[in-house]
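Chain nomenclature is as follows: A, B, C, D, E, F, G and H, assigned in order of appearance, with residue numbering initiated at 1 for each chain independently.
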Amino acid sequence: TDATASAADSDSNPMKDAFSKYAAYLNDLNEKRERVVKASRDVTMNSKKVIFQVHRISKNNKEEVLEKAEKDLAAVVDQYISRLVKELQGTDFWKLRRAYSPGVQEYVEAATLCNFCKTGALLNLDQINASLRPLSDPSVEPLQINVLDYLLGLADLTGELMRLAIGRISDGELEFAQKICSFVREIHRELMLIAPKMDDASDMKTKMDVMLQSVMKIENACFSVHVRGSEYIPFLGSEDTNFSLLGVPEIE
Amino acid sequence: TDATASAADSDSNPMKDAFSKYAAYLNDLNEKRERVVKASRDVTMNSKKVIFQVHRISKNNKEEVLEKAEKDLAAVVDQYISRLVKELQGTDFWKLRRAYSPGVQEYVEAATLCNFCKTGALLNLDQINASLRPLSDPSVEPLQINVLDYLLGLADLTGELMRLAIGRISDGELEFAQKICSFVREIHRELMLIAPKMDDASDMKTKMDVMLQSVMKIENACFSVHVRGSEYIPFLGSEDTNFSLLGVPEIE
Amino acid sequence: QSLEKQFEEFRHQLEDSGSLRERIRSVALEIESATRLMHSSLLLIHQSRPVPEVLETAKRQIGLMRELFSRLAEITRECPGQYYRYHGDWKSETQTVVSLLAFMHWLETGSLLLHTEAEEKLGLNPDEFGLDIEDYLIGICFMSNDLPRYVVNQVTAGDYDCPRKVLKFLTDLHAAFRMLNLRNDFLRKKFDGMKYDLRRVEEVYYDVKIRGLAANGEKTGEQNDQAQS
Amino acid sequence: QSLEKQFEEFRHQLEDSGSLRERIRSVALEIESATRLMHSSLLLIHQSRPVPEVLETAKRQIGLMRELFSRLAEITRECPGQYYRYHGDWKSETQTVVSLLAFMHWLETGSLLLHTEAEEKLGLNPDEFGLDIEDYLIGICFMSNDLPRYVVNQVTAGDYDCPRKVLKFLTDLHAAFRMLNLRNDFLRKKFDGMKYDLRRVEEVYYDVKIRGLAANGEKTGEQNDQAQS
Amino acid sequence: QSLEKQFEEFRHQLEDSGSLRERIRSVALEIESATRLMHSSLLLIHQSRPVPEVLETAKRQIGLMRELFSRLAEITRECPGQYYRYHGDWKSETQTVVSLLAFMHWLETGSLLLHTEAEEKLGLNPDEFGLDIEDYLIGICFMSNDLPRYVVNQVTAGDYDCPRKVLKFLTDLHAAFRMLNLRNDFLRKKFDGMKYDLRRVEEVYYDVKIRGLAANGEKTGEQNDQAQS
Amino acid sequence: QSLEKQFEEFRHQLEDSGSLRERIRSVALEIESATRLMHSSLLLIHQSRPVPEVLETAKRQIGLMRELFSRLAEITRECPGQYYRYHGDWKSETQTVVSLLAFMHWLETGSLLLHTEAEEKLGLNPDEFGLDIEDYLIGICFMSNDLPRYVVNQVTAGDYDCPRKVLKFLTDLHAAFRMLNLRNDFLRKKFDGMKYDLRRVEEVYYDVKIRGLAANGEKTGEQNDQAQS
Amino acid sequence: QSLEKQFEEFRHQLEDSGSLRERIRSVALEIESATRLMHSSLLLIHQSRPVPEVLETAKRQIGLMRELFSRLAEITRECPGQYYRYHGDWKSETQTVVSLLAFMHWLETGSLLLHTEAEEKLGLNPDEFGLDIEDYLIGICFMSNDLPRYVVNQVTAGDYDCPRKVLKFLTDLHAAFRMLNLRNDFLRKKFDGMKYDLRRVEEVYYDVKIRGLAANGEKTGEQNDQAQS
Amino acid sequence: QSLEKQFEEFRHQLEDSGSLRERIRSVALEIESATRLMHSSLLLIHQSRPVPEVLETAKRQIGLMRELFSRLAEITRECPGQYYRYHGDWKSETQTVVSLLAFMHWLETGSLLLHTEAEEKLGLNPDEFGLDIEDYLIGICFMSNDLPRYVVNQVTAGDYDCPRKVLKFLTDLHAAFRMLNLRNDFLRKKFDGMKYDLRRVEEVYYDVKIRGLAANGEKTGEQNDQAQS
């Protein structure tokens, strides 16, 4: 009977053939996803190291520390992002986004932190993406960090900048701290306008709340230095106004 | 002054020396943890594949399917568990447990499922551990799966057995289903006594609830077959009692 | 300044993608609405209306459906490579469409609507805007969920051969699904459900068989295996 | 049968480990209690009691503490290789102990209690039952949290050289911590807090300095940098 | 001053609306209590008590119910245009009342209690204090949830014609609901649940039919379709 | 001075109540452990082991249970009027005990274990240390949750009269509970769950009845309604 | 028939109310977007931009805002007496608008934006589409949350008189709120938060005062209490 | 029958305990309201109103408070031995009352309101309806939470001796609390918070001291240590 012909163990069964294809597709996809997740974890871990390197900055070792951080950051790109790019070669970047997004966000955080310390300006998405382009095989579409991951990374950046600002005030670099304060305020203001338009607006909302806390922590620190510094200015006169920017070296 | 001597940039600073050691320790630990997590993910993914292979069982292909499953399981050990073992060589297994526990649990699930289908009995922890011993360098303490991970894997096993039982009933293997039912009931009863004594008792509590659901799903399926089968026995007489174990082959 | 400019640009991009998403959502809503009508027509099958009549009414939506999917494709053409960015906005609707088409196809031919056939029916060009395989598979599981109800109602209406045919189909389908390696995700959960559909159909088959109701039907049934009419 | 036997065995093992844990918890409670007494004594430093007197009272607990830790070591000796299985049961207590010992050590010597020194003070043998490095580091952060309060109260009591000494110490400590690469965990959070301690001490130093209160103190202070007395 | 005056006024308004809400809550509690009694009486239907007897007991609460609703209407008359401000305080109770009344009505007449009929039964004047349409619809869904249980118990008690009658009613009701374009809200969720009720009743009808139990009943049943007695 | 004296006294009182609570917790843990053994024995009922054998094993824990409860009573005797201060420390364990005892009692006698009977079984003297009524009621709800599973397994084992008996018992129990005016608390939630147990047993009874399996059993069953053996 | 007719009618009504809600949601989204722009402009106040300049930019949105609210009013005019039915769809946006307007008003006049003034600014006619009092009050609480940050940044920018003025305003506002008898709801929670704002401003005032920075400001400040410029 | 009788009895008991709880809740609400008024009056202390005037207004509520507590006692007299069964219904209100009374007492006498004094003020008879010790202690912690704010505002208003006095009081109080062996509960958490109050007061004292503002105050302060006026 033809019932037998279509039984599960027959070879010429079109359904079976089709499902072999589906099975192969799903297996490939899962394996690729696993490899991407692993590459992303590596990117995360090593980007975090770069961020810690930047936090080792102090008044006197700026160039040295940043130089090392940039070298490490370049290594992240060469060793880990390149692997991510290789895995994603020719795939739909959006389909696997959830697998690599954490790593990319952390990389954005590290790269923009380095850049801000060096230049005082925000590293653009275009600049980051331009630097990634050489990693891809020129024949396929190159991995480009998307706006969302960039903005999510930027949101986390403000937390690191807050830590940096507190440290800089301790080190007497009040001007640097104020620069950070303005910069973070500006990012916060800009992101506030954009946040609800993002694909995953609720994630971003939480990050915005944390960000406002960071801004206010910096502002409170600046306030504290300011009132303390203002107290004796009437008495000391104006010739010694820099005295309020007390730092470690003054101890010795 | 000696203040200068103990400054952060001096070379003979004992604090700095000590912290270099701490830093190295933390770096090594983090890197090892990352490698272990990755190995564990591989173990998980490939154990899941073995489980799916077992679910391909049917009345007529039992040996064939289980043979392949066992081969795949052996491959999981050779390729992935061995890597896990290598990473953990000589480390404190408990310190990194959270990093590898998911993989080990999934492996226990796969190994006990295979074994039950083949022998109808529970694969012991000792048996599993004996099979892992050759993987370790004989000079160091070998990785041994701990009771907790074994029991957590066993708890998940009952979910797979439930799926198997439903399938076996469809395939007319009512006796097999009843065997599964008894087996799962026994595991449930035994685990119930043990669950509150486990290190992470609250995790286990959730698993126990799911397990009871699985037991009841099997029982309900057996009930359903039974009442249906009983309906016409008075009419048909007793010579055809196996008729209730209807399976696919009967269709043709 | 440059910072502001960059964010200005982002805002434009996000607004563009926001409005794109809105257009997609609106098409998806129309798909949902057409699906609802198709489903409504198809439901009459449970009230033992003649298959050809039911299919005819249900098929009336196909033209519209194709048009809606071609509009989706058109919209995503504006953002090449971003199919999966917006995928969440139409996937659930698409899964339901697949389940209905597959049910209709089975009623007509007695065989499974394959992935490529589904794409064809919806007028999709897989190079440009294809049918995601997981969506297809989930749709098939949804279809399987409706079969026990269909069998029960058919038997109630006196069609005693129906259980045998559905059982054979569902057994094959289940065997085919078992070839897949699934993650612990939605698809796996749906596939688990298929086991229960199979069992229910089997029970009905048993009920019919044991009462000798299926006996005659089995012979005449063989002839009509290709299509139910 | 064999299944039952295996579970019987598991039950024994779990009961053994349960009772082991109970013994550990009970020692940990005693450590907590001894720590509380030590802390209580040490708190008098904020009321400007003489350092030697305060230290003497606080040190009275050290003997007991060593004994308790040796009991912990003894218990874990029964389950070799499982230090980290039970670690959660004593780690928080140990962190507090470290913070107190490190504060006392600083009061005595003006320098940081190193990890190996902490192990020595507690009579630990690192090959067998050591002090986890993260516990040590967290303990040090806890100690840092108490320094601003100490400085404020010292200045209130008229010791104007204290801010300088603490500031130097804390600056070095902070620099040392910055060498570490931390995960986003509890230790990192604690380390973030250290920044605020540093800032607060700096502010007090500034208050003292700007009023010329620190001027004389600085000279005489140099001599006593090794230890406050 | 003007700030104070404003807040003084606010206090009055908030207190007024607070006490209004309290009065509403208290009436709602009484409605809930009367509903509970009505429900209790109605439950005996599942134990195969004669319909007229069950209905009679249940109907005893209707007088009280009308009075309570007229008190609600009276209270809201004090705050014209704010029906929906306090609606949340009585809606859940009202939905349950509707479900019971509709079940009783079906037992009596075999047909659906219409919205206007429900308002009449509760003595509501729709111009002033009507029955919200969504509350009515949700109540109908609740009633549907009880039908499968009723059918199962009737068949157990030997009434083999019941499944056919309920199935017809529920099929019509489900079809009517399908005409509505529901939002993704509570009502939609409840309606989605109705298909399980329908399915279950179909299954029971199948059970009865395949065993030849429904055969005779079908004829005699026709006569009694108007009302069960 | 007087402040110190007051706190000295507080310390004593808090330590006393703390150690009392510790002793209560430790007895409660033992109760929990004995309950677990009893429960484990009782579970064999689902594997169709003979009732007397199962009951015998389960009852072995009762002696210990009585002793543990008498220890609880003894401890609370030290703090008269404070039963409810520490009630939270044993209530959950007690509820489980009640559910097991009630299930065993029903297996033996076919009737509900009354509150006073439960107190007797546990050797409680209500004037001194009684069984809280809500704990008793919650325990009864827990027992109800186990009945559907029992019925299913009994039918599978060929006892076709079981559903009828359980249904009668559960219907009466449910009716009795409905008389209570419950607050919106844990007990209410548990009671609301009981209707699903009732429904499930009704369904099983239906399955047995419609297949004519219950027919004979009904007659012989009447005689054995008092106790299952 | 009559059942079908009824549901036909329901479909119309539900569709009408559905599309009404959609229109409301769309206006609410536009309000949200305009609010966001206003907020963004207003944030520049923290960077010590001159008040008039900041206010001017922020005020640019007011025209649009009025228009949007008049559109809301127009829509609700179609469903008289149902303001509160749809209230949930615009209330959160309205609260934010109120908070911004009240902050701007305070910057200009140093006094609280009254409820009627808020209605005026938004062009609302209270007889027809007013500003709900609770929405107004919640908006005022939101504004209060922004004041500590403002004070801190003003002092940093050298305006030492700001804390005094804000403290006075906030103290009065807090006292006024205390007159209200709030239920345990969202407004109550927001108001409870206000005391932390008050406390923080007190602390800032303390910081300024103890350093003698507020001394002169106090005198000149009196003159400018009406408005900051 | 006996089952019904039992449940009949349960219904009575549950209703009795329900209505008792309702009466308790209603008294507790009145206590809360009187507390709110007392608190409101007391808050003026932060605006530097004269202590005697503030105290006088606050004390006006005490008579009512005593009456309310005597009503509570009366109600619990109906259910002897069940104080702790209903304790949760008044404890939070009582804690707040204690905190206010203790603050007022400190303002008057400079010393801590003792537990027995608190009972006296509230007219409680400890043999019958006493003040739970933990409630008393939690109330004291609440009072401590208000002291930093008080100190900050007093210094702002020019009372430079206040920090010294509060610091001494809080140091003693904190030392007394440290004697207690607290469990890990709410009280412990509140007490842990007290150290932040202490720290803040130390900081304010430091601010005053380093600026030489406290110098003279210290001498004259000694005389007024008994009471602030």
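We take it that contacts are C-beta pairs under 8 Å (C-beta built on N, C-alpha and C of every residue); 3 or more make two chains touch, one makes a residue touch a chain.
Owing to the predicted nature of the structure, the values given are computational and were not obtained by experimental measurement.
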| item | value |
| --- | --- |
| Number of hops, chain B to chain C, where each hop joins two touching chains | 1 |
| Which of E-F and A-C has more C-beta contact pairs | A-C |
| Superposition of chain D upon chain G: rotation angle, C-alpha, nearest 5 degrees | 170 |
| Whole-Å gap between the CA centroids of chain B and chain F | 35 |
| Whole-Å gap separating chain B and chain H, where each centre is the average of the chain's CA atoms | 56 |
| Between chain A and chain H, centroid-to-centroid distance (C-alpha), Å | 49 |
| Centre-of-Cα separation between chain G and chain E, whole angstrom | 42 |
| For chain D, residues that touch 2 or more chains besides their own | 168, 171, 175, 179-183, 207, 211 |
| Of all residues in chain A, the ones touching two or more other chains | 1, 3, 7, 30, 193, 228, 231, 251 |
| Chain pairs in mutual contact under the definition given at the outset | A-B, A-C, A-D, A-G, B-C, B-D, B-F, C-E, D-H, E-F, E-G, F-H, G-H |
| In the complex, chain A residues that touch chain D | 48-49, 52, 55-56, 58, 163, 166-167, 169-170, 221, 224, 228, 231-232, 236, 243-244, 246, 248, 250-251 |
| Parts of chain C lying in touch with chain A, wherever the complex brings them together | 2-4, 6-7, 10-11, 13-15, 17-18, 21, 81-85, 87, 111-112, 114-116, 133-134, 137, 168, 171-173, 175-177, 179-183, 222, 225 |
| Of all residues in chain A, those that touch chain C in their complex | 1-3, 6-8, 13-16, 18-20, 22-23, 25-27, 30, 92-95, 97, 121-122, 124-126, 141, 147, 151, 186-187, 190-191, 193-194, 197-199 |
| Partner chain B, residues of chain C touching it in the complex | 164, 167-168, 171, 174-175, 178-184, 192, 195-196, 198-199, 202-203, 205-207, 209-211 |
| Residues of chain H that touch chain D when the two form their complex | 171, 178, 199, 202-203, 205-206, 209-210 |
